[in-house]
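Pasting the structures here.
Look at the two complexes coming up: subunit A is in both, with subunit B in one and subunit C in the other.
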Partner chain A sequence: MSTQPPSSGTTGKGRWVGQPLRRREESRLVRGHGLFVDDYKLAGMVHLQFVRSPYAHARITHVDTSAAAASPGVLCVLTGEQVAARVNPFIEIGPGCDGKIVDLPMAVGKVRYQGEPVVAIVAETAADAADAADLVEVDYEPLEPVIDGEAAATSKSLLHEPLGSNVNWHSQFEYGEVDAAFRDAAYVVHIPRLHFHRFSSTPLETNVVIATWNLKEDTIHFLSTNSFPAFAVQFLSPALGVRIDQLHMESWDIGGGFGIKITSYPQMAVCALASKQLGGRPVKWVETRTEHMLASAHGNERTFLDTRVALDKNGVITAIDSRHIDDCGAYPRYEPLGCIIWAQVLPACYRFRNFRVDFSQVVTNKCPVGPNRGYSRMQHLWFIERCLDICGHELGIPTDEMRLRNYIRPDEFPYTTPNGCVYDSGNYPKMLELAKRLVNWDEWKKNQQIARAEGRWLGIGIGTTLDSGTNNFGQARIVNAHAPYSGQSKAAIVKLDIYGEVVVFMGSVPQGQGHETVAAQVVAEVLNIPPEMIAVKPGFDSLQNVYTGHTGTYASQFAVTGLSAIHGAAEKLRAELERLAAFALKAERAQLEFGAGKMGPEVRVRGTEKSINYWALANLVNVNNAELPQSMEDITLNCRYLYKAPFTVPDVEKKYGNLTLTYASQLHIAVIEVDRETFQPKILAYAAVDDCGTQINPRIVAGQMHGATAHGIGAAIMETCEYSPEGNMLTATFSDYTPITAVNMPELLCGDIESPSPFSYNGAKGMGEGGAAPVHTVCAALQDALFSTGVLIRDSFHTGDRIFEAVRRAESGADRGVRVERRG
Partner chain B sequence: MGFTFQGDFVVKRKPEEVFDFLSDPSRFCPLLPDFEKMTATDASHFTVSLKVGIAHIRGTATVKMALEEAERPRSARYSGKGSVAGGTVEIGSGFELDAVPEGTRVRWRGTGQVFGQLASLAGGLLEPLARKNVQRLIDSLQTALAQA
Partner chain C sequence: MSAANKRVRIRLTINGASRELEIEPRRLLVELLREDLDLTGTHIGCDTTYCGACTVLLNGRNVKSCTVFAVQADGGEITTVEGLEKDGKLDAVQEAFAECHGLQCGYCTPGFLMSTRALLSRVAHPTDAQIRKGIAGNTCRCTGYQNIFKAVRAAAGGAGK
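Let's turn to the complex of A and B:
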């Protein structure tokens, strides 16, 4: 184990690293040769269907499953009460819950969100289970639903009565001299309310589980789409009353995840219990699209209240003071981690040092949240971007100039934020310059003048954001001082198989990120052989011993943690091969070089004809090992490396410390016109510049950029998880949720710069989440387009009808929602 | 998702006659749009089966209803709760009767609440469908009262 990057790192472009190789996974996946969980048809497998609550908040007064139990093909029926009798409540990450929030796999006594599982039916076929589910009768006594996060704290209707309120977590964060900064400010901008809407992800594949409880061995095998199985076992093990070594977790091909598949463990537990009840038959559950939209996990909704921004006479922000309410839905699950994860990017890309926020998280009668792409940081980054943008408009400072005055400067990196995070590298002015050039800024500025003269609403907006990657789990201690988490680690195995094949096990859970390809590139670089000569085994299998408690695919980190582990393991293998080859070739190690010869990968003596291929080297260890001297008995050619990120535990009292290792950045510019007849926003031009440090594979980086940008544009103008006042989710189908497709995408003018991270062995920074740059950018462009109408962009979601309402509200003379205090 | 509809009409019947009609489930319920059958539990509780269909969601709704209030000859009020594929429906309908020279003025009020996937799947269609069905009920009611 090491806390330092391996010594012979391959930074920058190499023969393989840095090249835009095609993804080796593509052919398999695009041709339909992937193996997804629903593709498995196991002997004796049966199917599970949930009966879900139509109510957001109601007491369950009666459950009658007799007709369902007698339905053809039905094997067992489990009610929430029956499940509760067989499991322990899931652990809570938050402090002080002590049973005040009881999170069980299914509803017991009352339901807390529409779509919450109430009964599970297991039948021989999925159709039998679905038919039987229709026969279940559940009587409910409706309770007052708590839908509005802002009202939740004071609502008399409680979701979890023992908690005594709907507030799940609350604390104050304060850094610098906030009061002094406001006292000395030239301007104070008051923004009473900003709101970041609830949206989610729409992976091609929904959640799927196959659970098999082997009664003879008392082990449970899970094949699932869970993207953080090492985390899931920490919840499943105590809930099911088994040791972690009794859980065999496998995740292979996954059709997208974006974080929201991390919290699928409740359904996994129900499948396991059903399997046990059925004597160990495999139980499969395949989530429908509507179930996924309704009841899997959504992104956090957040409201920012009573915000004050202090600025000096030049429009430089000196302090922000605000009150934030995060809405985590009915059960915290991964929360309240979101109550601290935003602090990874506390000042966003800006230099202000004084900051105070009163942060609360509330529970509401909506789908529980999960760590959706850009988790918790994007809400905060959007807030800071809105503050900056609104201040710029109010003070008459051009939006590009406003940013330049406030950006952290390139020569200030590594930059320590007010709360102790260390931004590794970056150059935001350079990114702005490139984005302006790509989008043809000056030309659009002229067009904007013409458009405005014609009475058209055309705006140009900038969004600068961060993608903080490789998180320090020690931040969990800030939300719960007793949380037994800290640091970050990943494991990998690179080995030479019996006949000399190079095989990589990485234990990650890719969902389209191209891990197989970049892993092969890194190992190819170390061994100086083509990537095609390297077999990479993707996916997670707890029996492979290639994981840690942090292993999973989340938080933009594979390029740093995953590749560091793979690189470390490859270096160890290289060292063993070198020792063996020196012995076999009777040469000094310094004389040896690695490469590929006529007989495959080999090690040769430089400047001679002497060489030995990997088959022969593997043979020496695995088959013909009596020839080896005792000094080489430690050589296994099976090299495991554990990468541990260089973190320390944050200061819990001061809420201070480095929470993330790398900070990729994105800078987007959008030109948007709002149609004055339909109020529909139309993107006329869009530039996206990315800086993820050294790129391992530019083609994959470009793909991630396109994906993240599409996700963000969809979130800004198409996608919302909308609830009625009764708690009905009104956008639980694709026809209502309208996820973005290629047809809706503008042409992206892409660019990148590389600011290598000094904290990763390869200069790479984690990327892929994208920091929700388009949400910030679209809002900024709309603000620019509509500022003259009196509209203040206070929300993150903007369809034509919402813009129509905002314009009408402004035209009616309603309070614009911002006030500027000018001093002197 | 909730709906409220209300209105009034005048029929050439005495309030007592109108009340007797409205407060008799066996006469009132068949007027419900897409009525299939009714099963009485007691004098004021009964179950009604209705054919329902919104876009691709089709099936039978089983609605447990109760005559909550009956004050002859001034008012009657029904409430009901039922399940249909993908959701739960809560309905209420009330009638207040006033004697007028032409007969009886019937002031009616109908409420509906939809919970569950039905609301999200058929969200935009529910309100016009409910409006249409309420109108059908009122039309049927006027015709039936005129012929009673």
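Let's turn to the complex of A and C:
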């Protein structure tokens, strides 16, 4: 298949592309007619409930399920051991983990995190299953929990004994002349410890599965919320001992995902086994919110140790040297991919060329992580932002000036980073200027002077971040040279059905991103007909949709990969229609034009009355087809196009290569006051500027940006997956986790610029993850507010009580956690 | 247990139609709507009365149907999202949410629509503070609330955009 974008590409704005069209999805969703997995009731369907571990780390000494099995309505009970006897452990992506980490759908022998499933009960009704679950007795012998990621590496208590330690992955990354840069530095800033906390985007719909093992055909049908089925099947098929083509994956509406629903395959496997045991009855499992908080997936926690930053006399960063420990929870699952994915944005938005990091990932007795929105890049971007922001404050350089001195310059794009990634386009100074204007920077600077004179803590912070999109799966080989992945692709079909309907089949698995609407816009542009005349199949169905091994919605890419495939397929269909019309109308192809007439979509001869509509064109191929010349026999009106992103496999030894295709950027400014009585941070103004290249539907782009901003603000000041030293999750309900609500969410001052990507046919960049801009921004504003108190912002999470502690610590004269070495 | 599970008979008016049902006393209103009546527009997003995805109107007031036993609603009048549209015409709140892109995945949307409907029945032209308070019991994980603010203002007849 061609890797070239189709030639007659529609760049920039068009009649439909680039317009803020109302989404077609709204029409069913505002009526309550969405079709979510929990809404399905299949004939003979039964209900599964898990009994979960109350301990973070314990040996299972005894399981008694007899009372549960005898409880009314109960159909079958499965213990971890019974499940283990029927499956193979899930594959591990990590190189050294094979056989050393045994990841099964349920706990066997011991539990490794609070909430790990121990027993599964299937009953006629959900209430019967819940009643029976109460009757299961499990005895545990507690083991020493490993909760702190930093201590995990040296802990004697091991999660997976055969691994020999709790270190799951470790490697060095080094680029440029690090030692020379430190030798020549005017300043070296030492930051012993920075910490990025655990949180999760917690989609409002939890994970849901309905599995049906059809014993006659030996196929397994999954209706599920899984948002990356092409990935899930690679885990499910070997585990269940079936071929991938025996798995039928389906979804319709999905109630948000944000990456958290990628790793739901263990529960899918248990439901499938239960269905098989029950002769093929559909088995439904609906995760409760508490189960979701305890045991679905969290974002990665990361600690940055012994950081040294080299700067020249102007405050320009020349090198960073550091040690990073990523904490992936009890089982790696999608990991250790996060150990390389951060490298997509290695220098963040800055020009430094010398970089060294010792990167390791550890397992701990906490919920396994999953690729949460901004996955692995946001932790790293936050780290670089903190380094830059702290250095600026320590050296007394104004915060905006510090950024301008360090930004990659607009004329340097496409910019090759020290590790070979190519930033496609951007203009960070222009974004800064716009954000300052939106937030009213000069006014707030004056207010800040007044506030400070009154002894108030008011800070203004800037956060600059990247949303790298369209990932090259070849980077998986840097964490495991044998990983059988590379590149990136998407496929789509645009077809003309027998009565002239234009129908689009995509491979994406949307969860609210409006793919149906945008797909119709793109096809409408190619065929020059209104989007309402185009049907787009919602949801995903592996028997019907068209897909590749990379199919799914993740890694900010639909606007590039998904639309390239759809556009390519629409162009192919257009070419077929043109050939048919030229024949039918006895005209030259060059004389034809596309549009909508009285009889629906049509092709006409320019400047004449002669036209033929789509129904008649379809008829020529499908019904009345004896007249069609032989030269047109290849025409099927069913056009599939496979878009393959232009990647090569990175150099595994040097850890060098282009890891992503596009780089959307976000620049936020927050004004925050910390109340001197309550220490609560209050956002007084918030500006958010976005650049995702050419926007295909500005309404959807704005919505994505709002959502990502709310996740970031929530993460910075409200949301944390907190564990006690014993491994009890302290925020295991929404009431404790407190997802941000309308009461806490400021009204945003939004703006955008468009730096078209030279690497996508339409100039668009993938977007939607947002790079956790608010986490960087809120931290920068708090730093600005509290710098005079001696507080150094070293953590990503800030509630009133955390700020109180930090101020107290600073007042008691404790080590500030930073040291500046001035040379010469 | 068996005494507690003994079924009871209740009568409700749901979206204008009167219904008589026999249910377990522990049946939640949201379960009754979703499981017994197939009104799956009302959703469940949490287990601690936080998210409001389950919001319906009970005798004109917005309630979280996950926190109401069905028997408590006996004799009551219930409106769910499915009952908002009248004679093929969307309610002003539905129209406003669709027009302002006040939803993405749509999972929270029925709850927001019901809370907004209740708010606007109480206060025809709410202030921004009243709007925030009116939807304080509803969580949306997709929209960041920006377009929901706009939608509520638009539904109230103000400038939504």
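Rule of thumb we're sticking to: the second predicted complex is superposed on the first by the 823 of 824 C-alpha atoms of A that agree within 3 Å, B and C clash if a C-alpha of one lies under 4 Å from a C-alpha of the other, contacts with A are read in each partner's own complex, and residues count from 1 in each chain.
One rule holds in what follows: contacts are C-beta pairs under 8 Å (C-beta built on N, C-alpha and C of every residue); 3 or more make two chains touch, one makes a residue touch a chain.
Every value quoted in this text rests on a predicted model; they were computed, and no experiment measured them.
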Which of subunit B and subunit C A:172 touches, first, second, both or neither: neither
First, second, both or neither for A:733, with subunit B first and subunit C second: both
First, second, both or neither for A:290, with subunit B first and subunit C second: both
First (subunit B), second (subunit C), both or neither touched by A:743: second
First (subunit B), second (subunit C), both or neither touched by A:204: second
Which of subunit B and subunit C A:449 touches, first, second, both or neither: neither
Partner contacting more residues of subunit A (subunit B vs subunit C): C
First (subunit B), second (subunit C), both or neither touched by A:678: neither
Contacts of A:700 with subunit B and subunit C, given as first, second, both or neither: second
Residues on subunit A lying within both footprints (that of subunit B and that of subunit C): 290, 733
Residues of subunit A defined as touching subunit B within the complex: 52-56, 114-115, 134, 137, 140, 142, 290, 294, 724-733, 736
Residue numbers on subunit A that touch subunit C, as the complex places them: 22-23, 25-34, 36, 38-39, 41, 127, 131, 201-206, 253-256, 258, 288-290, 511-514, 699-700, 702-711, 733-735, 738-739, 741-743, 745, 747-748, 750
Contacting residues of subunit C [partner subunit A, same complex]: 1, 24, 26, 34, 38-51, 53, 80-82, 84-85, 90, 94-95, 97-99, 101, 103-110, 113, 131-133, 135-136, 138-149
Partner subunit A, residues of subunit B touching it in the complex: 1-2, 83, 85-88, 90, 113-121, 123
